[in-house]
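Dropping the structure in here first, questions after.
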Amino acid sequence: MDNELRSIDHEGLGTLFSRWRAGGRRILAPRRENEKTDFAEVQAPGEACLDPVQTAQSAKSAVFPRVEELFAYRRRDGLVELRERDLADLPATVLFGVRPCDAAALAGLAAILNWDTADRLFSARREKLAVVAVSCTRSDERCFCTSVGGGPGARTGSDLLLTDLGGGGYLVETVSDRGRALLAGAEDLLRPAAGREKDKESRLARVEKRFDPERVRAALQSLFDDEVFWTEQSLRCLGCGACAYVCPTCACFDIQDEDGRRLRCWDSCGHALFTLHTSGHNPRPLQSQRWRQRLMHKFSYMPERQEALGCVGCGRCSRACPVDMDILEHLLAVAEAKP
Amino acid sequence: MAEFDPKIVAFVCNWCTYAGADLTGTSRMKYSPQVSVIRFPCTGRIDFMLLLKAFAGGADGVIVSGCHPNDCHYSSGNFHARRRWIVFRGLLDFLGIDVRRVRFSWVSAAEGAKWAQLVNETAEQVRALGPHRSYQRLRGLGVG
Amino acid sequence: MEALRNKARELLAAGTVKVVIGYERGSAGAARAVFVRDAARAGSLIFDETCRQNLAVYLMKPEVRRLGKAALVAAPAALRTVLQLAAENQVQDGGLLLLAPENGGVAVLAELSAVEARVAAQDPEPGREEREELARYEAMTLEQRRDFWQEQFARCSKCYACRAACPLCYCARCTVECNQPQWIPVPAHDLGNLEWNVMRAMHLAGRCIDCGDCSRACPAGIPLHLLNRKLIAVVRGSFAFRAGRAAKSDNALSTFRPDDPEDFIR
Amino acid sequence: MSERDILQPLPMRIEKVTAETPDVRTLRLAFADEAQGKAFAFRAGQFGEYSVFGEGECTFCIASPPTRRGYIECTFRQAGRVTRALADLETGETIGFRGPFGNVFPIDDWRGKSLLFIAGGIALPPMRSVIWNVLDLRDRYRDITIVYGVRTVADLVYKDELAGWGKRPDVRLVTTVDPGGETPDWTGETGFVPAVLDKLAPSSRDAVAVVCGPPVMIKFTFPVLARLGFAPENVFTTLENRMKCGVGKCGRCNTGKYYVCKDGPVFTFAQLKGMPQEY
């Protein structure tokens, strides 16, 4: 039965990888290179590195690449020919080893990119993506998934959820039809979970709930005009885009023409010139306003408009920030502020 | 195998090297036809990025040439350019870009023969190095 | 540390400065910048080996400039930065106090000449480790270096943390944000990343004071400081020039000597 | 087959280029594909994304009225990379168009009311669509007043149309130039828009106002309108935040919880009061 807990050993997982690849799927998994662990294509589970609490970059580029071609154009005899991006080119992908927070973040991305009108490329990539998440058995002081509706063993957004049983393999939960399809014909590799194997909870990291997003939302709205507060909160911020680019739900983008192709590429509301008008007028000229925008967008505007939180508590922005703009600390400051 | 014809872009100053190249032509001296000459007011105006743009645009080799020291039409443009080239060459080499593909020279308006020799030697050298594929393949990489 | 806090208290209480830019203990044990404007808050200042950020970067931020006259807790790299900024007419003599921690005490440098003297006394030659690191890359073959950097730059997402963290990248509008023409491609593809990093290194040639904050800021862990360090070596070797040593000096690349080496020009 | 990509433009042919001033041009555009042209419909207030392939996209309101079918027009000042490239194009050349996007002027709600249009400088084009729209349905509305101010006489756009509106008995047109911007033969007003409006003192009874112009003009015009009795919910404007996608995804025009591209570009002053001033 699907909801029955099963387990798989390392060898079985290896076989599963081979079968997925034989079925034409590429597998992306965290891979360690130099000092950083990031998602890259792997052939076998042994190449994946699940040791760090988090990868440095999120997995969002699997569905929303740093740079992607929207369509191609060509001039001919004063006319312009357009060639739509062929969706058949997009690879079927298994995203292996994402954390439950990253799996949940796919819904946040979809909330932005598919708001009212579907984003053709994103949707096509998402359609071809199967998510095999791995529960968190460790966390660090930057993690706060439980404050934003997630958890170290949460299933939202995953197709399969694995939990490391320590030495002997993984507990396997089938979450969706897509997950079922990943396991089609793999009965030989799975066996029913027995005894203590079923006790997933005991394996999971403890992530304390630190704030109520509803309270943060209300506080943000009443703090909006408090310039002193926002200046104080953001003086240290350098205004780079590191937080946005490592974020699994940040989806702001730019559009650029190059070499006969129209490209979409990541952008960040933290960049000083993001909103600059051609006239020279800038609606958000101060870094304090841009920092406010980042928090407002994720914790106030998105819940109101796209009915999703713009944050999954992965803590990447805090880890990536060169000047220790720790988002959890800032959210707590918001929640506790007396406007 | 067909002989490889390297594409060479020459960035030259208006006052000396361009005039020198002109003299090469009016003197009916023959030289390698693979060079495209781009004229600038002064070597001081030849930004290092232009060299990279030439490579990205398909050049296999680049020539940069202007007035001899102390002959700059604007008195010191070439001296400033020289410093920039020294630094830029160091950077290119450090990045693993073969500096043998970039030739710097002083060619005066009277040195038609030197221009011909410079182009021919550069063409020979770049031909020996082969197409600059490692750079050209960068174009388009990293687009999902 | 107490000496530093006392000095900060004293300066703020007397109104000598409006803000002390220093370090405090941040999250996860890290040190981070703090802007102390009230003498009563000076107790949060720290200074130890975790204090690595070059705080001089904040001297050029409009939001910080607006706070008024500053005292900056300055490690050696910050002192060199201030001299280079002065050479570029970005810092006025007497417009800033530098608090240089030393043997449990703190030296207050009010004049740029004092900063020069201190930098000269420290004479921060690249350490053995640093020299060896650079030499390791120089010893690689051309192809190895090319592959190394292409691999590194492929990870660059153009978040511009390197630029934001650099105290000498202070242009209000960077070349990459000018689009007539679009000199550097906006997207973070391989060619765009190479061109951006070449541009960054070249624009810092003869100006970089080797604080290493570009590499520390990079979320992709690209060792960007190596590019700067290489050019520092070239500039020093070819022009006998080092940035951040004098409050009045030309930039290495906006001046020349008639006898600059030209063995590569024919 | 999947749906068309909302980020991919449709080709349009430039049918006519009009030089309004040395740096302002109007393009008349028709869809290269006739069927696409037939299927296309929009309403006054909406905008589009115009592509010069190789340069990028720029955002302007459609400047022609929906009552004129078969083409659209856009008017723009050469200011940035794309508008400069757009200005170099000639009749017969192809550009790209995405749209129509955004909300509309509620002209059905305005039936039986007096309309006051106030435009400054290059902000007449975004208002031209709605002006012609109501003029083409003239009998539905009461008094129509247009106040148009520019810096100098040379900056006036749509000169022929202004002359036409000036001659119509059913339109009250007041043009003004900033002090010092007049020519010897200038017959319009001289003075800034708020002052001219103050003197004109149009009635606010059963009236709505539409104001578009540079921020400084809007800032000083709104108090005059308030004094004349225009309630904030009866004063409309159209915002021009920077945009990339035009469909609420790229994040650029996000202002408070609103997106200028989806919730606007048309807003009432009552709505603006509830938004952060990030526009």
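As written, the chains take the letters A, B, C and D, and residue 1 is the first residue of each chain.
The rule is simple: contacts are C-beta pairs under 8 Å (C-beta built on N, C-alpha and C of every residue); 3 or more make two chains touch, one makes a residue touch a chain.
Because the structure is a prediction, the values reported are computed rather than measured.
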Number of hops, chain A to chain C, where each hop joins two touching chains: 1
Quick check: more C-beta contact pairs in C-D or A-D? A-D
Once you find the CA centre of chain A and the CA centre of chain B, what distance in Å lies between them? 46
Using mean C-alpha positions as chain centres, tell me how far chain B is from chain D in Å, no decimals. 51
Centroid from C-alpha atoms only, then distance chain A to chain D, rounded to Å. What do you get? 40
Multi-chain touching residues of chain B, meaning two or more other chains, are 139-140, 142-143
Touching two or more other chains, which residues of chain C qualify? 182, 187-189
Which residues does chain A have that touch at least 2 chains other than itself? 66-67, 254, 256, 263
Are the chains arranged, by touching, as a line, ring, star, complete graph, or other? other
A full list of chain pairs that touch reads A-B, A-C, A-D, B-C, C-D
Mind listing the chain D positions that touch chain C in their complex? 80-81, 84
In the complex, chain C touches chain B at residues 137-138, 142-150, 154, 183-184, 187-195, 198-199, 201-202, 205-206, 226-227, 230-231, 233-235, 238-239, 252-258, 260-262, 264-266
Contact set on chain A toward chain B in their complex: 61, 65-69, 259, 261, 263
Touching residues of chain A toward chain C in the complex: what are they? 34-36, 38, 56-57, 66-67, 140-142, 231, 234-236, 238-242, 244-246, 254, 256, 258, 263, 265-266, 268, 271, 273, 286-288, 318, 320, 322-324, 326, 328-329
Mind listing the chain A positions that touch chain D in their complex? 70-71, 73, 75, 78-80, 82, 84-85, 87, 112-113, 115-121, 124, 224, 251-257, 260, 262, 264, 267, 269, 274-279, 281, 283-284, 289, 293, 296-297, 300-301, 304-305
